[in-house]
Amino acid sequence: MRSIRAAAVGAVTLSLALAATACGGGSSSGGGSNDSPKELTYWASNQGAGVEVDKKVLQPELDKFEKETGIKVKLEVVPWSDLLNRILTATTSGQGPDVLNIGNTWSASLQATGALLPWDAKNFEKIGGRDRFVDSALGSTGVQGQDPAAVPLYSMAYALYYNKRMFADAGITKPPATWDELVATGKKISKGGKWGLGAEGANLSNNIHQVFVLGKQHGADFFTADGKPDFTSDGAVAAVKQYVDLMAADKVVAPGNAEYAQNQSLSDFAKGRTAMVLWQTASATFKTMGMKDDEWGVAPAPVPSGTPGADRATNSMVAGINMAVFKNSDNLDGATRFVKFMTSDAEQKLLNKAYGSIPPVKAAQSDPAFNTQATAVLRETLATSAAALPQVSDESQFETAVGTAVKELFADAAAGREVTTESVKEKLAKAQQQMPNK
Amino acid sequence: MTTTTASAQPGERTVGKSSPGTARGPRRRPGRIRRLGLPYLLLLPALLLELLVHLVPMVIGVVMSFKELTQFYIRDWTTAPWTGLDNFTMSVDFDAPVGEALLHSFLVTCAFTVLSVGLCWLIGTAAAICMQDTFRGRGLLRAIFLVPYALPVYAAVITWAFMFQHDNGLVNHVLHDQLGLTDKPSFWLIGDNSFVALLVVSVWKGWPFAFLIVMAGLQNIPRELYEAAALDGAGVWQQIRRITLPSLRPVNQVLVLVLFLWTFNDFNTPFVLFGKAAPEAADLISLHIYQSSFVTWNFGTGSAMSVLLLLFLLLVTGVYLFLTSRATRAPRTPRKHEERRTADA
Amino acid sequence: MPRSPMAAPRSFTWTRRVFLTLLTGFVLLPVYVMVSSSLKPLEDVAGQFHWLPGNLTVRPYIDIWSTVPLAKYFVNSLIVAGAATACSVVIAVFAAYAVSRYEFRGKRVFSVAVLSTQMFPGILFLLPLFLIYVNIGNATGIALFGSRGGLILTYLTFSLPFSIWMLIGYFDSVPRDLDEAALVDGCGPLRALFKVVVPAAVPGIVAVAVYAFMTAWGEVLFASVMTNDATRTLAVGLQGYSTQNDVYWNQIMAASLVVSVPVVAGFLLLQRYLVAGLTAGAVK
């Protein structure tokens, strides 16, 4: 009996010891290597209508790359619901892909982990130089003054989409260029179960994108120059209030939009229930929802002056996808070659066409496909009047805290409660207190 | 034998029961080694797995709660600086926003859990008792009742979210458009009603489990008990009260406890229903902790909150087991069972 | 009740009828919504709810297979949940038998420790467990993370505590005299377990198996980080129908129904074992 119990105790200790070694942190942390030069793992984000569609778009290109270089790329398309968690666990454990796509607003946060390969001048040289990329897209690749943590792959921008028939029915001849015009237009349309503008009130990221741009127009930045949260400045409060007031005071947004978080505002638009939406690259979605291309128009998102430009005339955030390389990859050279391939002019044209996005590579933008009704406005916006979200390591906390505050304000507005400067300021102050203090 | 003696607690089973292994050992031929080593051998696989998958990660989690584990350190968490009790003091400082939000979330979770577990148990037990009798369609009905349990969580909850929509949902369609119970359509996924929505979904998802377990438990009640009671002139209602419910006690004790623990820690339901940020009225603690760790990338604070939660649940479980054990130990006339036992033997 | 020869009183039958009807309605309401939505084109699903679908289409049932690799996810889920259930039940039967029938040191500690694992929020296991799997992989070459094996291991452990606790209860209610008689007849303890105790506790074991299966079948969080394209399970895979720009409501519903049919059918087959009475099987 003793022997058996000893065995049991031994087994328990063994498993404990095994587990204890497991506590010894994740990564084989050091730098990368070129130990397996013939293979790469690539996590792509879901850009098209489903992961299978993405595979069909990407696989032929990966085959092309293999033919050119002899490097086999193992592709996994990771759904958005999992992507950030997968990246976080990969970072913690050191078990990740060689190359991956990231949402460009995550760049600074992921940069802070130190797990991604910094794109210094030398690395940029390997993919043809920094100058090949559009400035605004480069602005969303990491904290300013540091080497970017990723390179831009696909770009997107916000624009005002409108329903041509509904505009014509209401006697509106041209899309609004200022917020006042937008509200006036919206009021003309908002009657009889139809509404002027759609919003995604419960979608935190979308809320952030909208109030960030409005903040710019009010001269507010949500973060101080040295990266401290600054949510309660007059400009920030005014921006948030203006956005929520579209529902609360102007009543051009249906109260029901307060709970939208699954792109219901797009389907409302496609069904002719709302006349306008502020959205990023929505054309493909309209098509799947049964709306024909000539039924909708697109115009730059409104700005106070009527003419989009820099600073207070900003009318979009820089939306898009970046491509990053894990520092501890065992095929660093192959990984950079792959990034070079994916950001080459030819691939950029092809991929961005497939996904309806705009290439962040200057040379690729000249393709006529990016000069159509749907894409010209977006391209122009990216080039002249789009600003990157704050590139601070606390960006994701910012999205959660302020995005939630806006969501709650929308809920108040929908329930018929008043939204005042004080109530907005109070919510934002609460959001700010939840930010990590440094 | 019998269900009633079985009602001795796993925890206190050591006390009241004679075990064949020791007390009646001499009847068995195998030697001492086999006899005494065997239980450990039987337990070994379970023990190893629990250590590997539950206990060790839990210990690591506790260690993490004393660290400042933000995105700057997750690449090698052992290098994260120690912060002592900072994560804890921040979590329980109820005057500051973080602590206040946690307290609020905790209270919401308590209310939600009590209601949800109560309803799940009630419906599950009632349904199981109703389905004791054979009647036409019983098998079909039983399978139907297990449907909520068989649907993948994501699908089930997303369907409810779909039904709870303000503009196009079925719930408002019925309550407002067809029955005219409300002046205007209500919001279910934001604002105060979200608590009700969450509760409905949780009960819908949860009661079939109670049903399943109670149904299996009912099979163990010897029918002679009912026959004897019927002879004594007890009606159906009395039989339920005097035989069914007391006999279910051991099953219920564990059932209610795990339902409580699961509901308290439920993450999937609020996450799919509300997304990353739940409305204040339905801000369950697991989602709150998820937000404080994964979404804001501060795993130290999240761990500290979890440890506090663990302590609370340990306390509740301890008290619960203590009270229910005492209650079960109280005499509940196992005489009839004893009679039956002799009859069987 | 069949147990009492007397007919149940009216009040009881009526209460029962009303209650079961209401409950069936409550249970089936979302199921009806799923069925009707899965038969509508996407534009209609997103619009005002109507009890009867206007335009019927079976298109979603065709599209589900190409939007995401549903068949692959389904097979993965079956393998993972099936293996986890089988292992979990066997291990739990052993452990419960030990606790139910033997006196040994550390018994109480074991029972309480097992239960305490249910108290820690899953979120906080995630990262440490992932680290452990990766490190075991690095040390031994056994790939646990990303493989079905790791997921099976995780799920079977998740369902163990409750399974053990429930089975202890069921085993306790199996008359001791039975296995003792078997022991006297010369059976070893294990044979006594499988020839006497297990058959007598079939309803409990089936209930526990169903529970273990569903635990593995529906789990989302761990599956989302521990699987990759090749090993992804249904619970996670279904989210693939909600893409960045579109939510294919009708396909989500169609796919959920399709994958649930075999599970419900399995329930239908199993449910008679759930109620195979103890007394019928054991005491002869």
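Read from first to last, the chains carry the letters A, B and C; within each, the first residue is number 1.
We adopt the following convention: a contact is a pair of C-beta atoms (placed from the backbone, for glycine too) under 8 Å apart; a residue touches a chain by one contact, two chains touch by 3 or more.
Please read all numbers here as calculations on a predicted model, not as lab measurements.
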### Task
Would you mind checking which chain's C-alpha centre is most distant from the centre of chain C?
A
### Message
If I count C-beta pairs in contact for every pair of chains, which pair wins?
### Response
B-C
#### Entry: Whole-Å gap between the CA centroids of chain A and chain B
38
### Query
Centre to centre, by mean C-alpha position, how many angstrom separate chain A and chain C?
37
### chain B and chain C: spacing of chain centres that average the CA atoms, whole Å
14
### Task
Two or more other chains in contact with one residue: find those residues in chain C.
46-47, 127-128, 131-132, 239
### Query
If you look at chain B, which of its residues touch at least two other chains?
36, 40, 47, 52, 56, 60, 77, 167, 294
### Query
Where does chain A touch two or more other chains at once, residue-wise?
18-19, 22-26, 85, 92, 94, 264
### Query
For the complex, which residues does chain A have touching chain B?
1, 3-5, 8, 11-12, 15-16, 18-20, 22-27, 29, 84-85, 88, 91-92, 94, 109-110, 112-115, 201-204, 254-256, 258-259, 261, 264, 393, 396-397, 400, 403-404, 407-408, 410-411, 414-415, 430, 433-434, 436
#### Entry: Of all residues in chain B, those that touch chain C in their complex
1-3, 5-6, 8, 10-14, 19-24, 27-28, 30, 36, 38-40, 42-43, 45-47, 49-50, 52-58, 60-61, 64, 77, 123, 126-127, 130-134, 139-156, 158-160, 162-163, 167-170, 173, 204, 208-209, 212-213, 215-217, 219-220, 222-223, 226-227, 229-230, 235-237, 239, 250-251, 254, 257-258, 261-262, 265, 267-268, 285-286, 289-290, 293-294, 299, 302-303, 306, 309-310, 313-314, 317, 341, 344-345
### Query
Across the complex, what residues on chain A touch chain C?
18-19, 21-26, 28, 45-53, 75-77, 79-82, 85-86, 89, 92-95, 262-264, 266-268, 270-271, 282, 284-285, 288-290
### Task
Quick one: which bits of chain B touch chain A in the complex? Just the residue numbers, please.
32-33, 36-37, 40-41, 44, 47-48, 51-52, 56, 60, 63, 70-72, 74-79, 96-98, 101, 165-167, 185, 187, 189-191, 274-277, 279-280, 291, 294-298
### Query
Across the complex, what residues on chain C touch chain A?
41-43, 46-47, 66-69, 126-128, 130-139, 145-146, 224-225, 228-229, 236, 239-248
